[in-house]
Amino acid sequence: MTEVKKYPEEPLKTWNKAKELRLKYFTSYAKAHETGGLRFCGSAGSLNSIQQAFGRDVFILGSEPYSAHAAFFSDFARKCQEACESRGIAHDLCGYMKNYWGGILINQFILPTHEIVPWPKADVMWTQHICCTHAKWYQYAGELEGGVPEFGIDFNCRIGHTMTDRDIDYVLEQVLEGIEWVEKVTGRKFDDELFIEASLNELAANSAWGQAYEYNQNIPAPIDEKSLYSFFPFNILCPQWAETSALFRELRDELKDRVDRGIAAVGNERFRILTDGPPQWAMLQVYRYMEKVYGAVTLGSTYTAYWGTGWDVAEDGSLIAAKIPTREEFAQLNREARLRKYIAWKLSKQEAYSVTFTGCHPRKSALMLKIMELWKLDGAIIHLNRGCEGSAMGVLENRLDIIKAGYPVLTYEGNMGDVRDFDYAGTIRKIENFFENLGLEKLIKGG
Amino acid sequence: MSSFKNWSDNRHDYAREWKKKTGGKVLGYFCTYLPEEILYAADVLPVRIFGQHGSDIGISSAHIYDMYCPFSRSCLAEGLKGKYDYLDGVAIAQSCMHIRQAFWSWQKHLPVEYSYYIYMPHGVQSKGRYEYYRGELVEFKESLEKWLGRTISDADLDKGIDIVRKNKESMRKIWEFRKNDRPSITGLEAMEIVFSSQVTDKREHNEALEQLITELPDRKVDRETGTRLMIIGSEDDDREFTKMVEEGLSLPATFVIEDHCVGSRYFWNDFTPGEDRLASIARWYLDRPPCPSKDWPKRLRFSHIKNLIQEYKVEAAILMQQKFCDPHELDIPALKTYLDELDIPYYLIEFDVLVPAGQLKTRVEAFLETRVELV
Amino acid sequence: MANIGIDIGSQNTKVAILEDRKILALAKVPTGFDQQVSVKKAIKLGLDKAGIGMPDSAQIRVTGIGRKAVPDISTNEINETMSAAKGAFFYFPSARVVIDAGAENVTVMKVNEQMRVLDFATNDKCAAGAGSFVESMTKALGTTIDDFAKSALQRTEKININAQCVIFAESEVVSLVHSGASRADISGAIHEAIADRISALVRRVGLEKDVVVMGGMANNVGFIDALEKALDVNVLVATDPEYACAIGAAL
Amino acid sequence: MAQSKDFRDWDQYRWTAPDTDWRKASIVSCGIDIGSISTQAVIMVDGQLYAYSNMRTGSNSPDSADKALSWALEDTDGLSQDDIQYIVGTGYGRINIPMAQRAITEIACHALGANFIYGPSVRTILDVGGQDVKVIQCDEKGKVINFLMNDKCAAGTGRGMEVMADLLSVPLVEIGQKSFEVDEEPEPVSSTCVVFGKSEALSLLRKGWSIEKVLAAYCRAMANRIVELIERLGVQREFAITGGQSKNIGVVKRIEMLLNIEAVKTEKYDPQIAGGIGAALFARALFEKSRKSGG
């Protein structure tokens, strides 16, 4: 048996705050109508601050994170998926949206406490179109809910480092039209003050995430991917809330403290892994298995690194947490110019959207390799996600590129939203083979 | 008529011959949203990249995950097998992710002189779309000019527009004959016409179309029309299936119209000329009967389908959906409801090269049986 | 000291007895219901063949999908990919891609010159690309594997088997027979279908020279021929290919 | 474990209606259903079941049709093929039946047959045969409105059961009964693939599971798979099951439990011959029509 270095472990303090915020987020959406508030629903991270500008009592639900959260409750998720399939919705459609449409069909919405409440019907569908079906998901959801008006913003333009003025103009045109549309549909006015407040929060949260994330470059890593999954969705759930940037700053500080004191996420850390895409949510114990049995820690992905987050990404893929505008910079502008600045910031920092959804995998491979280098990773385990064409796009090419760069790569099949597409025993067998072939013996027998 | 079939059968030979004969360049494209006019203006021959149904697509499995539609995997497989070694360039106008993946893998593993990605908007109902797409076309034109080392003038663009426009207009004329009680061309022939149009020099194709238009009024059709069928579907160039339905069943049937891109969707709408050529081209593509991935927030495709059903006196529809084709899959539940309301019976086929033909045969036959009196 | 390698497959249990990298004996018995019994039988058969008794200090190492099932005999296991790599190197040190094709399971590995397994792929969900596919067809046609395999080389006309499933393929084959297709052509089509599926696995790990084929299917000349065509390379086949994993385990 | 070919077998049989004189009938019609596993020849006189045979499909359709028909005619008081006025072929081998005047799909025939067997209130029919699973919706006349069929993968069909029977040395016909002889319903096996299912069953046995428990797990997995297909079309009452697997209560009862609907049953007719009955009924109607139009 190889000798094992042992680092001290400690539970994350910020953890409970994240849990509370998540509960607040879902509950406030479900209860929005009790206080006369409005429900906006769509793809997560569809320029939240613009939606928030229609009132403090506007609550925004991202269907992907809702569905990921529903996927944790695999029995509940299964009911949703079966409801969809008996309705003629194909098994292989978006693993998330099947949980979402299914919820509408069975009239059940699940809260983090496992409590089930009647489906909270949306008042407005406001979404972005980033894959080739996104805006269509809500078209159908709206129809199932008995006719919810929909507005979709086409994001299929250059995003990230290739973004041009033309692209910003295109999105801005649509946003301006959208604002008029919401005003007409809801009778509410777009509030510039509220927008300034929300957008500054949003950008601050996105940027703070980058600062926190960087601490994982340390050996041993202070936080593992599975825990990152509990935090990073706030980047797209409610980044415009002040609580979110506060949470991320607190996390950042805690991680810094852990690094200073040499605290590890996994005491036995000896192999550092890059992963990719949304995981098999109901089967996160796979990560625990790798940690316990092999001391292999998963600690980074283009998914948690980039989704809705704020980085300045250099041409060579290096990352620096993005600079954010000051209040003055925003306040002095007129509405259109301010929106333009906000959109430009969001579009240029959202490298993940661009590399994932235009399928530009040469760029994505470069980003992955950069993370491997900066985060000092030893290998990659990639999820071939049957539930999402978007995030699975190009991954086999990425895989080839990573292998070419000399790293070992394992792929496994699954479906982020639907456990029926996942074979636990088979995956464990693959993982065992993978590590054995790397000469990494088990730390504990059996497992 | 036989030239369409020959072109369809021997598309690679045709392109190679064309190159030899003209010394020109050939560009492969991945989706019919690509503005062919600009390529004709630049004297480049655009050919659409197709797969080969029934042939092994395993070779693409290292590059495209098998949850992507068989069409996209098959396109890449043909490339990797070397069938397209004559291409000088490849391009795509952004449509669904599946075919995009094929494009990117192609770009990586089958390098050619020139490759280009056009950000064709998905929001074909969004404000600002015309301006945005026009801008894309300007950049596309510039990049072609750089590749070819020549400028593309307005006169060149007019030439390109003319060639493509004529082609599409002729096909619309021919489609009129499918409205007849005894359609003068079969679904198989129609498919071959559109297919060949996408893989040959349209100038030559135009001559054949014109010839056909003169022949059609007197064409004798000695087959029973049977059930008037429509195909609504994902990409579909499966001639074998079309032939099996029209010729191989114990009940007669004829495809009289279709809504997909190897059919009427390719040429349906009119071109409106304007001073700004690229703006007119942009408009042409954006206003086309939409592919499902671009059909939101309002559904425009369904009413188009309804018109086709009425004009072509469609009696039943076959929903030919490529397996894993998300954009279409998602339209299907709503489409079924819509067809129910129109009282048009339909049958859904999840199309995959791996489904044995015999099984499809039983299904289509059973479907036809549901709507005729068997005794 | 003798080393004993045991490969417990879904169909056959194979044993290899080696001394100083020299093969003393190879033996195989069907994997019965009780794997302990089969393994003991196989070992006995091997020792008899080698003409030796059970050495006092033999090292016994098990591999194959049943490797966890015989704790009384040995807990010293090695996974299938590693034993396959070692077995391949035993015969061909130039091996870079190793295909192990048995009755139900197919594993394709990419290895480097240090015998490290860099990548591997398996037929996860469907058995329609492995040995039992051929066996079902031979049953349906009432012939033997050997004859059926050889007849593929006499193929004159190209036909396609569309069915992916073993079961559907059976009836497709039956109807091909009725439509007058020759046995050679059918056999060619079946072996081509299997080779296509396995070559897809090869493409996933990346095709490189040299390709070594082992496992029971490597005895099948029709398959080897089709595989060479599908991959467009000459493949290397070990002598006694079905024992390669057992040999790898013994080493 | 000894491998015996016999366990997968079911009785081949024939039957003639007592007390019917075919000479008095105005129309004698026949349906021949050649499935991938079984072949039935059904003879009807004036729309009433008169005689039938049920046997394993041989290696080619014309032969199978010939054998099944001769056998059905065997004990029929001198009835010969020439006395049959119209024959309709159906099933997988329908195009290859030389004596049939017309071929109609098994989907239409099963619907009509189920309508005859179970009465006009049947709306949903599940036909589980040797390699196909079909779900059919029909109207009160037994005309098909809608249907679904499995494709590509034979997991969940009769062939899988046969393989299990051989593997476990349990006669096919007893599988259903045996599968309930467990204290508690086990988890379904994870692979219904005919090939992998076999290995999985073996490894469960090795783990110490009883044969009954393995059967329960396998029947349950099949039922799950079939129910998935049914739910895609939806169930309307009455619900009937035809085809050979309708005799396997291990699968049938589990399907009923999962759907929470009981299938209609009858002692009067053999549900495995539903396709043949439907074909014979079509044959009768077609003959009447030709008689009318032909004068």
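Residue numbering begins at 1 within each chain, and the chains themselves are lettered A, B, C and D in the order written.
One rule holds for everything that comes next: a residue touches a chain if its C-beta (ideal position, glycine included) is under 8 Å from a C-beta of that chain, and two chains touch if they have at least 3 such contacts.
None of these values were measured; they are calculated from a predicted model.
A.B. asks: Count the C-beta contact pairs for A-B and for A-C, then tell me which is higher.
C.D. replies: Taking the two pairs in turn, the one with more contacts turns out to be A-B.
A.B. asks: Quick one: chain A and chain B, Cα centre-to-centre, how many Å?
C.D. replies: Centres of chain A and chain B (C-alpha means) sit 36 Å apart.
A.B. asks: Which whole number of Å gives the spacing of the CA centres of chain B and chain C?
C.D. replies: Result: the chain centres lie 44 Å from each other.
A.B. asks: Could you please state the distance in Å, as a whole number, between where the Cα atoms of chain A are centred and where those of chain D are centred?
C.D. replies: Result: the chain centres lie 50 Å from each other.
A.B. asks: For chain C, write out the residues touching at least two other chains, lowest number first.
C.D. replies: 163-164, 168, 204, 206
A.B. asks: Which residues belonging to chain A are in contact with no fewer than two other chains?
C.D. replies: 88, 396, 400, 423
A.B. asks: Hey, what residues on chain B touch two or more of the other chains?
C.D. replies: As it turns out, chain B has residues touching two or more other chains at 62, 350, 354-355, 358-359.
A.B. asks: Line, ring, star, complete or other: which one describes how these chains touch?
C.D. replies: Contact map by chain: complete.
A.B. asks: In the complex of these two chains, what residues of chain D are touching chain A?
C.D. replies: Residues 190, 228, 231-232, 234.
A.B. asks: Flag every residue of chain B that touches chain C in the complex, lowest number first.
C.D. replies: The touching residues are 54, 56, 58-62, 353-359.
A.B. asks: If we count contacts the way the header does, which residues on chain A are in touch with chain D in the complex?
C.D. replies: Residues of chain A touching chain D: 82, 85-86, 88, 423.
A.B. asks: With touch defined as at the start, can you tell me which chain A residues reach chain C in the complex?
C.D. replies: Those residues of chain A that touch chain C are 396, 400, 403, 408-409, 413, 423, 426, 432-433, 436-437.
A.B. asks: Going by the contact rule at the top, pick out the chain B residues touching chain A in the complex.
C.D. replies: Going by the criterion above, the answer is residues 62-65, 67-68, 94-98, 100-101, 103-105, 108, 117, 119, 121-123, 126-129, 131-132, 135, 292-293, 295-297, 299, 323-324, 326-327, 329-334, 336, 350.
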